[in-house]
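Residue numbering begins at 1 within each chain, and the chains themselves are lettered A, B, C, D and E in the order written.
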Amino acid sequence: DSKVTTVDEKQEKKEAVTVHIGIQQSLGPLLIAKEKGWFEEEFEKVGAKVQWTVFQSGPPHFEALAADRLDFGVVGNSPVVAGQAAGISFKEIAVASDGLKGNAILVAKDSPIQKLEDLKGKKVAVAKGSSGFNLLYRAIDKAGLKPEDVKIIQLQPDEAQPAFESGAVDAWAIWEPFVSVQTLKKEARVLANGQSLNVYSPNFIITRTKFSEKHPELVVHFLKVYEKARLFEKENREEAITLYANVKKIDKDIVSRVLENNQSFNLPITQEIIKAQQDTANFQYELKAINKKIDTEKVVDNSYITKALQAEKK
Amino acid sequence: MSKVAVPSVNHDRHFPKKIAIRNLKVRTSILVATRGLILPLLLILVWQLTGTFAGISNTVLPTPIDIVKSFQALLLSGELWIHLKISVTRALSGFLLGASLGLLLGTLTGLSRTTEQVADPSLQMLRTVPHLALAPLFILWFGLGELSKVLLIALGAFFPLYVNTLLGIRGVDKKLFEVTRILEFSRLKQVTKLILPASLPNILLGVRLSLGSAWLGLVVSELMGASEGIGYLIMDARQFTRTDVVFVGIIIFALGGKLADSFVRILESKLLKWRDSYQGKSID
Amino acid sequence: MSKVAVPSVNHDRHFPKKIAIRNLKVRTSILVATRGLILPLLLILVWQLTGTFAGISNTVLPTPIDIVKSFQALLLSGELWIHLKISVTRALSGFLLGASLGLLLGTLTGLSRTTEQVADPSLQMLRTVPHLALAPLFILWFGLGELSKVLLIALGAFFPLYVNTLLGIRGVDKKLFEVTRILEFSRLKQVTKLILPASLPNILLGVRLSLGSAWLGLVVSELMGASEGIGYLIMDARQFTRTDVVFVGIIIFALGGKLADSFVRILESKLLKWRDSYQGKSID
Amino acid sequence: MSVFIQSLHKTFVKSQQRTQVLENINLHVKQGEFVTVIGPSGCGKSTLLKLIAGLDREYEGEIAIHNEQVTGPSIKQGFIFQEHRLFPWLTVEKNIAADLSLKDAKVRRRVDELIEIVRLKGFERAYPKELSGGMSQRVAIARALLRDPEVLLLDEPFGALDAFTRTHLQDVLLDIWKQKQTTMILVTHDLDESIYLANRVVIMSARPGQVSNMISIDLPYPRKKASAAFQEFRKKVLNEFEKTEELQFIEGSGI
Amino acid sequence: MSVFIQSLHKTFVKSQQRTQVLENINLHVKQGEFVTVIGPSGCGKSTLLKLIAGLDREYEGEIAIHNEQVTGPSIKQGFIFQEHRLFPWLTVEKNIAADLSLKDAKVRRRVDELIEIVRLKGFERAYPKELSGGMSQRVAIARALLRDPEVLLLDEPFGALDAFTRTHLQDVLLDIWKQKQTTMILVTHDLDESIYLANRVVIMSARPGQVSNMISIDLPYPRKKASAAFQEFRKKVLNEFEKTEELQFIEGSGI
């Protein structure tokens, strides 16, 4: 009897996989799960280890994915388009937020800019290839302007911030938590956001294709744990806010505003979102940001999330 | 010749010179330290005053007092130590690896023109490849763990020492080299007894620059999937516009760099006491 | 003493030596260049072969042929030239600014211990402050235009030359310094006729390192609101995982750096021909 | 200009160790006097010259030139160092000109003249590394002579020269001395040289360096080394010098 | 070991210019012979020694030591350079030991002995910058002697020494020569020295350097400089040397 156990143990050890999860420096269920150690706990039950990797933004996720060093992550809409265009094999397995309120074009509180048309001839800061970038171009389009009519300045958020606050730029296309920080602390105005422009800037949970083919059950498992964290955030709002505020050392009012603007999902990817992604991809192709046409539906795989949610219901 | 009017000089040679000299040394080093503090203190003063009166937003440029407060908070929570420890470990391992390779390759290329002609052009090309661009390759080859971080730091630390060692060796006096040939020094003795001591001033300079590079390399290396470290602390704080924390990081970088530098300079003054070179005009 | 058996040596002194020497020179420099190419060519070969046969994804590590194609495309579209021109302008302006300040301050601190004691500690602290952390401050102080970019590059270019100049001056032989005192050189002549020539080897090394720093500084500086430049090209390509373009950028960085370096080394060999120093063992 | 040295003491301090090198040196050199200094190797001759030149100001006692305390080097005090101390990055002619410009016609002419005098014609554009020991020494001599110093301090200036070049340059020096009334203090190991040139020979003894004796040489110039009077002085100086030496004088060694 | 030099030519090439320094030198030095070389400054004496030592291999002609062509320096050929060439980062005793370890008792004893011989007791731990010119030269002599070379090449080894120290070291050298049968080639500017030491004096002339004459000195050792026979040889050598000089010999200058 005991002999059999040893063999089993040995086999288990051989198969012991390490799951590499990428996390960005943003607020969300992933951070809760990380702080609480839920992934470690749950994956240990199926004999897997967890390795966290912190990324500063979306694109490095794809560098790590391509190098087979990463299995899961939550990233924005633009990086997935770029990643797909670059031919990296990954799958979008769930949508984590719609980003309707989480992305906005900000102007200073006493800025003369009142409507989108006023952006003409003004300097706007944006990080190229970000969700804010997408939003800005759509806004320009909607206002009947051409990209050349606006002076677009490429800035990463932390560099855009002093530029925006010191008036070196007139507007800033940006996402959370910067939107909340600026509106709460600096009384910046939201000139437009995803909602007003009807532009989705969804976040996706992604997985590396090779990994998901080899360990489909772990993918489902991942989504289950993610769901647990999401529910925690939703149901224990105060506790979640306190946790975020402590970990990231930011004010609670900002955290709470961020959570308001950025509701967390863990849902199948709808046709609407796929369509929105296709628009983004086409638009980026037009801009020559990506160098080939892609079909955004091809990277969508809702099978895992469906299984996970079903299992949760039971 | 008439008697000249010369101011009298102390003739009392029984004066206890030893004590006087020691006192003088202590006094001089205090004076030196004070002089070094003039500029930083002035800067801090102006900074605090503009912060208080010019009303620049805290998120853009926190005042020194704000920074000290954050510093204190980070220190008291024990967090800073964790970051510092891991960063120092990374920087030191990277430095040791890069610097020893730099010294080795610098010596090899310095000793042999042929090795230089083969290896140096490639190394010089590698020298100006930006770390930020190499990060993805490092992730590919060495993963997201400590290895790629340490290697990236080592890469930065390699070059200053390599270049300085090579140049130092090529600056060795040919006359002394002839002496070692006459005395038939073994190759090893030639290196240890002539070439290294003679190029020591340059090597130590290389060490200083390499230490700086290693320290700075932390920032880029800790962009690659780190969740601890001073570089991470800064980049994380930037994400959440905690400018005060960014400054704490900057100050730690400045102090850490200065500390390492001072250490090498003390070493320098011990190891190079045989030199008979210009020491600069002094007024103390 | 008996006649010895010594191999006969060419005694014909009418042999046209001049032509022989010129030919030899040309042949030597070809040989030297070839040796420098061995390693890069080998690397490219292995790279292409692993790419073709090991089947590493193109997005991770494009093969040399892929890269050459992208290079060609960028070149033909004229895009590369625009990026290159603007980057070279930035790097050069930054270098000129930083290097001349480095030379100046290095000379001043080198000449006077008091100046050194006042300024050097602060400068050494500044040396190890990461550019990435300073970028927001530069935007705040100097705006988003070329100025902050050039200044950031200048900051990087400043230190190697500063440190090397300071050390070079402190390495000047005191004996020669005494000669200038005896001959009552003016302070200016002392600098131009003794201190600069004597520390020239170190200064030129500093120039090489500074050029490298300026070139590398491009990357961080072009993260600050640039929409052109090789640094921008790389970081933009990274955003879109265009690894082949990243590599084109890397190669341009490598070649540009090497070119600048070679230029200084040629200068070196011209300016330092008075030196009587060890040249390394040669087998050609 | 006169040189006045009174109860001069010099001590080198190294970590906690102190070495006394010069003890109670008293020496008054009149304007236009030619003094030569001889003494055993390491007795402090070079140190003394450096102190007179103002290159080292850490001493006890008094040093005055032209009745003024020496506060630092001056162009009026020429110095030929024991080592040649040429600037390795300058050619021979530029080394001689040093801070002066060769484009200045007067400097140019004088430099060419001096190159002729020290017999280095043809080597104007050679770098120090291409010179022999004696040639370097002659460049250093030319460099000092160019400046027409009023006091000339010479530290074994002809040590690396063959007998003929040495005699030639000794005569050159005497010519200059007579013409310009330069005050000369010359350190040498060559007894003949010291007597051939000097109004007064200063003999130093070692550890610590002291002036053990001074011998005035009242022979008319030009002197003949073979003359009996010269040989008389030679014996006298040798005798005095012998006393300073720890070594036994070897009978018949005929120094 | 014997030294054999046959139709040796040496030319320095600098950019497009060629300077011939040595022309057709023929010199055969027997095992255990003591040869001194005199010649005007810059005639190529140091260059010749460097060629013999194998430090410079760009020449035409033949140089052989012990019937073997010289291919490079060897510990068997000692060399005392005209400049002292001490390692500035090593103390006196370590400079003498150089690559040998002072922890080796034999080395230690021998070094101490030599320090005594060159009279540097008390300066064992001094750095070169703390030495006088003559003291540095003596360190260089001790360094060469420590290795018991079979051929010793000396380039003005006593140039910076006072008369007594010089005589002392000349005698030390003669002692060693007699004991060890070392083959000696010594360059000097001191005629007395050249005759006091040598079996044979080689006289060189300048531009380009050639052997103008060789004079065998068949006087028994120890020689007396004051003796008539010595003075006879002195005159002879001076006479020959004079011919090589472009300068007029000054009557009665008594070199």
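Before moving on, here are some points about what is shown:
Please note the rule applied: a contact is a pair of C-beta atoms (placed from the backbone, for glycine too) under 8 Å apart; a residue touches a chain by one contact, two chains touch by 3 or more.
Please read these numbers as outputs of a predicted model, since none were measured by experiment.
Both chain A and chain B are touched by C. Chains joined by the most contact pairs: B-C. Annotation, chain D versus chain E: rotation angle of 180 degrees from the Cα superposition, expressed as a multiple of 5. As a whole-number value, the distance joining the C-alpha centres of chain D and chain E reads 25 Å.
Our note on geometry: chain B versus chain C, Cα centroid distance of 20 Å, whole angstroms.
Centroid to centroid, with C-alpha atoms defining each point, chain A and chain D lie 84 Å apart. Rounded to whole angstrom, the centroid-to-centroid distance between chain C and chain E, based on C-alpha atoms, equals 46 Å. Contacts with at least two other chains are made by residues 60, 136-137, 140, 175, 238, 243, 275-276 of chain C. Among all residues of chain D, those that touch two or more other chains are 83. Counting partners per residue, chain A has 60, 63, 66-67, 158, 161-162, 166 as the residues that reach two or more other chains.
On chain A, the positions that touch chain C within their shared complex are 59-60, 62-63, 66-67, 79, 82-83, 85-88, 123, 125, 128-129, 152-156, 158-159, 161-163, 166, 168-169, 289-291. Interface residues of chain C facing chain A in the complex, by the touch rule stated above, are 57-60, 135-137, 139-140, 143-144, 223-227, 232, 236, 238-243.
Residues of chain C touching chain B in their complex: 31-32, 35-40, 43, 60-61, 109-114, 116-122, 124-134, 136-137, 140, 159-160, 163-164, 167, 169-175, 177, 195, 201-202, 205, 208-209, 212, 215-216, 218-220, 231, 234-235, 238, 243, 246, 249-250, 253-258, 260-262, 275-284. Taken together, the chain D residues at the contact with chain C in this complex read 50, 53, 55, 72-75, 77-79, 81, 83, 85, 87-90, 98-99, 127-129, 143, 147.
For chain A in complex with chain B, the residues that touch the partner chain are 20, 22, 25-26, 51-56, 60, 63-64, 66-67, 69-70, 157-158, 161-162, 165-166, 177-178, 181, 185-186, 248-250.
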